[in-house]
Amino acid sequence: MVYEAVIRELGGLYDRTWDSFGMLVLELRAENLFALVSRLRDEFGFRLFLDVTAIDYPQRSPRFDVVYHFYSRDHNRRIRLKVPVPEDRPEVASLVSLYGSARFMEREAHEMYGIEFTGNADLRPILLYEGFVGHPLRKDYPMEMEQPIVTYRK
Amino acid sequence: MAMMEYMTTKKDELVGWIRKFSLFPYPFVTACCGMEFMAVSSTLYDTDRFGAALPRFTPRQSDLLMVVGTVSHKEAPILKRVYDQMCEPKWVMAFGACATSGGFYRNYAVLQGIDKIIPVDIYVPGCPPRPESVIDAIMMLQDKISRERHPIFPFEEQQPVKT
Amino acid sequence: MNPYAVFLVFLLASIGVVGLTLALNALLGPRVKPSATKLEPFECGAEPIQQRNVRKLPIKYYPVAIFFLLFDIETVLLFIWAGSSGHRELAAISLGSFLFFMGTLVLAFVYLWKEGGLEWQ
Amino acid sequence: MEHPPPIRSFLDKTADPDNVVINIGPSHPATHGTIQIVAELDGETVKRADVHCGYLHRGFEKESENQTYHKVIPYTDRLNYCSALNNNFVYAEAVEKLLGITITPRCRVLRTLLCEYNRIADHITCVAASVMEMGGMTAFLYMMTVRDYIFEHLNHLTGARLTYSYVRIGGLARDLPDGWLARLEEILQFAERYLERIHGMLDRNRIFIDRTRNVAKMTTEHALYWGFTGPTLRSTGLAMDLRKDAPYLAYPELDFEVPVGINGDNYDRYYVRMREVDESISMVRQCVRMLPGGPVSVDDPRVTLPEKERVYTEIEALITHFKLIMEGIRVPAGEVYVAHEAPNGELGFYLVSDGSARPYKLHVRSPSFVHMGGMHTLLEGYQVADVVPTFGSMNMVGGECDR
């Protein structure tokens, strides 16, 4: 099974691991994210980059959890990486050089949560528009605060 | 003077009759109502029976702007620009709950109804509306068109221009 | 009814229809001063990124335009030939001249096809 | 201009002066109204394309964080509105996994049946729209007629033509009305007859082949690198299908093949979708044959509403009914990622709950969003007219792409 191989081989790169409904979860620090992901891709065949998103825990000290999902076609298994990131410096290495689908996903996570992806030069807003202030999916952003572009009629 | 009144109403009715049966819609389709627009303009429920099915995909050749689906704040300037570039006389149909009032998306991303940025002539309720209610809305719009006034002679009162 | 009268009626009818529609349009149509946005080119609702519409066009468009013109005018002459084919004494001459005319054009078309003028790349 | 443009493209500064930079813009019939492609053209060939989405971003995640678990279901319909039931079932399975509920056998088979039935409607809509954009109006009208019968038929079951909200956590809204399955068989035969005509019209149609064969070709590595899944990936030759790799619902008992293309161009994507419709029709028939009896919803007081008679007579049923409606379902804390094979590819729901009655975070991994990320590689080098069939064959659905 690929999960035991991953746990054994990549021992030093992650801190904690547990099982979530049949899917291996690795919790790791932001520094060794790039190393872990490149080894996962090359040695264990996790070639499909599924998803990157973030979770906002306003009360917790490392406020954000950047969550990655990968899928390995050869072993038919999924894996989830969780990277706790502090609020003042929410920086994570960008995976643009490893996966093409990371471009759009990282742009979305950047504009929705304010996660900085170092190494991704093109972090323009993708779901929102130029001139949108703030990160709407954070828990402290009020739901109905609209920032209209077009001036309303009288 | 009564003859002149009679003549002008006949003239307005004639112009209204010509216009209401040759509506060229510009389907400004964005979301799920677009599936209903495809259903209403194809064989089973046919808007062509009312002369309103030949979609013109440029605002220059269309006179009915059907705003079909949710208009988000990123889409609002696009809608405003398409409306401005339409030739007179033009009418606007808010197709579906999202175009009418933002639907059940009450959040930072969705424009709460297109009448905040452009004047709307007819609202179609439903999410997505059933084809029958779309055809009913087109018939109501045609009644509205036929009642409009087209002043030529000085003594007729001027029609307020929709801003 | 000398033939020129028929032509005159035809001319008056065409000018009349066009004139009527223009007059009605000017008379009944709403007179609204066009705003700046209305005069801008329509680019699917977005702002046009480049405003320069006078620029060098690639040469590929030119031969395609010429070929279209060539074969379009040919169809115009087709109508004249069709019209004249009914008269007994004219029929033989018009058929011969037309076949010669069409033959040269078909030759040109075959050469053009083999030369690859119709391929886009 | 009185308001700034919503997007900024790198092409307006980096395009070389001889080329034309145009918008195949947001309000364009071929881009389904919500995608803006800023293309740099050299004559007719697209040199570079810059795809912008987000024009239909309706804040699905923010809305679902402020609704109870049952009230999120109507929002999941509007994700991929061509096949609303598939989204419902993925969301419901995510919540049921957290709650530890196993659905009843009848509900399991019925959900599979409806998944495949909605896949037929989605593929028909996709092929109809992309063929109509290439000029095949007759094929469009044939397919719209078939799809309209499917809509009316599902309207008879769920009450809505397009946005069904038919699923409930732990089951379904109601059981099949009588006569529904007989009508289902009629529609399937009707669909097969009409789809033969579509095959007759398109498969060996000179124009269709010239416009789609060897256009927007890609290899499997390229598809995996850009994260494509579903018919777009299978058209390159890799038989990756979640219904076979990680079977869910009642797919282990169904026998079906996974259609696979040869060289991953527009024609293969069209043909993989048409073959998948045939497979789905046979799967629906197998589901109808093996549909077991029994209740549709699991009778677990935490999730399912008691029957109306008991609510009017017994006080406990009234209390559970009241609590379920007013406070919603309490889902134990935890996180789960559930992915099904939606018509466009792998649709994944990542649900994090903190034990309250509202989802703490509900992220949707949407295939259309990833396809838009990689689509510019399929546009560059081809002609402007090929943008339309390529975009049509990717089947981008606005609601699912921008969420």
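When the chains are written out, they are named A, B, C and D in that same order, and each has its own residue count from 1.
Operating definition for what follows: a residue touches a chain if its C-beta (ideal position, glycine included) is under 8 Å from a C-beta of that chain, and two chains touch if they have at least 3 such contacts.
Given the structure is predicted, the values throughout are model-derived calculations rather than measurements.
Asker: For the chain pairs C-D and B-C, which is connected through the larger number of C-beta pairs in contact?
Answerer: Looking at contacts between chains, C-D has the larger number.
Asker: Return the distance between the CA-based centres of chain A and chain C, expressed in whole Å.
Answerer: Spacing between the chain centres: roughly 58 Å.
Asker: How far is the middle of chain B from the middle of chain C, if each middle is the mean of its Cα atoms, in Å?
Answerer: 34
Asker: Centre to centre, by mean C-alpha position, how many angstrom separate chain A and chain B?
Answerer: The separation of the two C-alpha centroids amounts to 44 Å.
Asker: Touching at least two other chains at once: which residues of chain A meet that condition?
Answerer: Within chain A, the residues that touch at least two other chains are 127-129, 136, 143, 149-150.
Asker: Where does chain C touch two or more other chains at once, residue-wise?
Answerer: Within chain C, residues 37, 44-47 contact more than one other chain.
Asker: So which stretches of chain B touch two or more other chains?
Answerer: In chain B, residues 74, 77-79, 82, 107-109 touch at least two other chains, as defined above.
Asker: Taking the top-of-page definition of touch, could you list the pairs of chains it picks out?
Answerer: A-B, A-D, B-C, B-D, C-D
Asker: Within their complex, state which residues of chain B touch chain D.
Answerer: Contacts found on chain B: 27-32, 34-36, 38-39, 42-45, 55, 57, 68-70, 72, 74-75, 77-79, 82, 104-105, 107-110, 127-128, 130.
Asker: So in the complex, which bits of chain A are touching chain D?
Answerer: Interface residues on chain A, with respect to chain D: 20-21, 23, 47-51, 53, 55-56, 67, 69, 71, 73, 76, 78, 80, 99-101, 103-105, 108, 112, 122, 124-131, 136-137, 143, 149-151.
Asker: Any idea which chain D residues touch chain B in the complex?
Answerer: So the residues of chain D in touch with chain B come to 3, 5-7, 25-29, 32-34, 54-59, 62-63, 74-75, 77-78, 81-82, 125, 128-129, 140-141, 144-145, 147-148, 151, 161-163, 398-399, 402.
Asker: Residues of chain D touching chain A in their complex?
Answerer: Residue positions touching the partner: 2-8, 10, 52-54, 57, 59, 61-63, 66, 97, 224-227, 229, 238, 240, 245-246, 334-337, 339, 346, 348, 350, 352, 360-361, 363, 365, 369-370, 372-374, 377, 402-403.
Asker: Per the contact definition, I'd like the list of chain B residues that touch chain C in the complex.
Answerer: 15, 58-60, 78-79, 81-82, 84-85, 88-89, 150, 152, 159, 161
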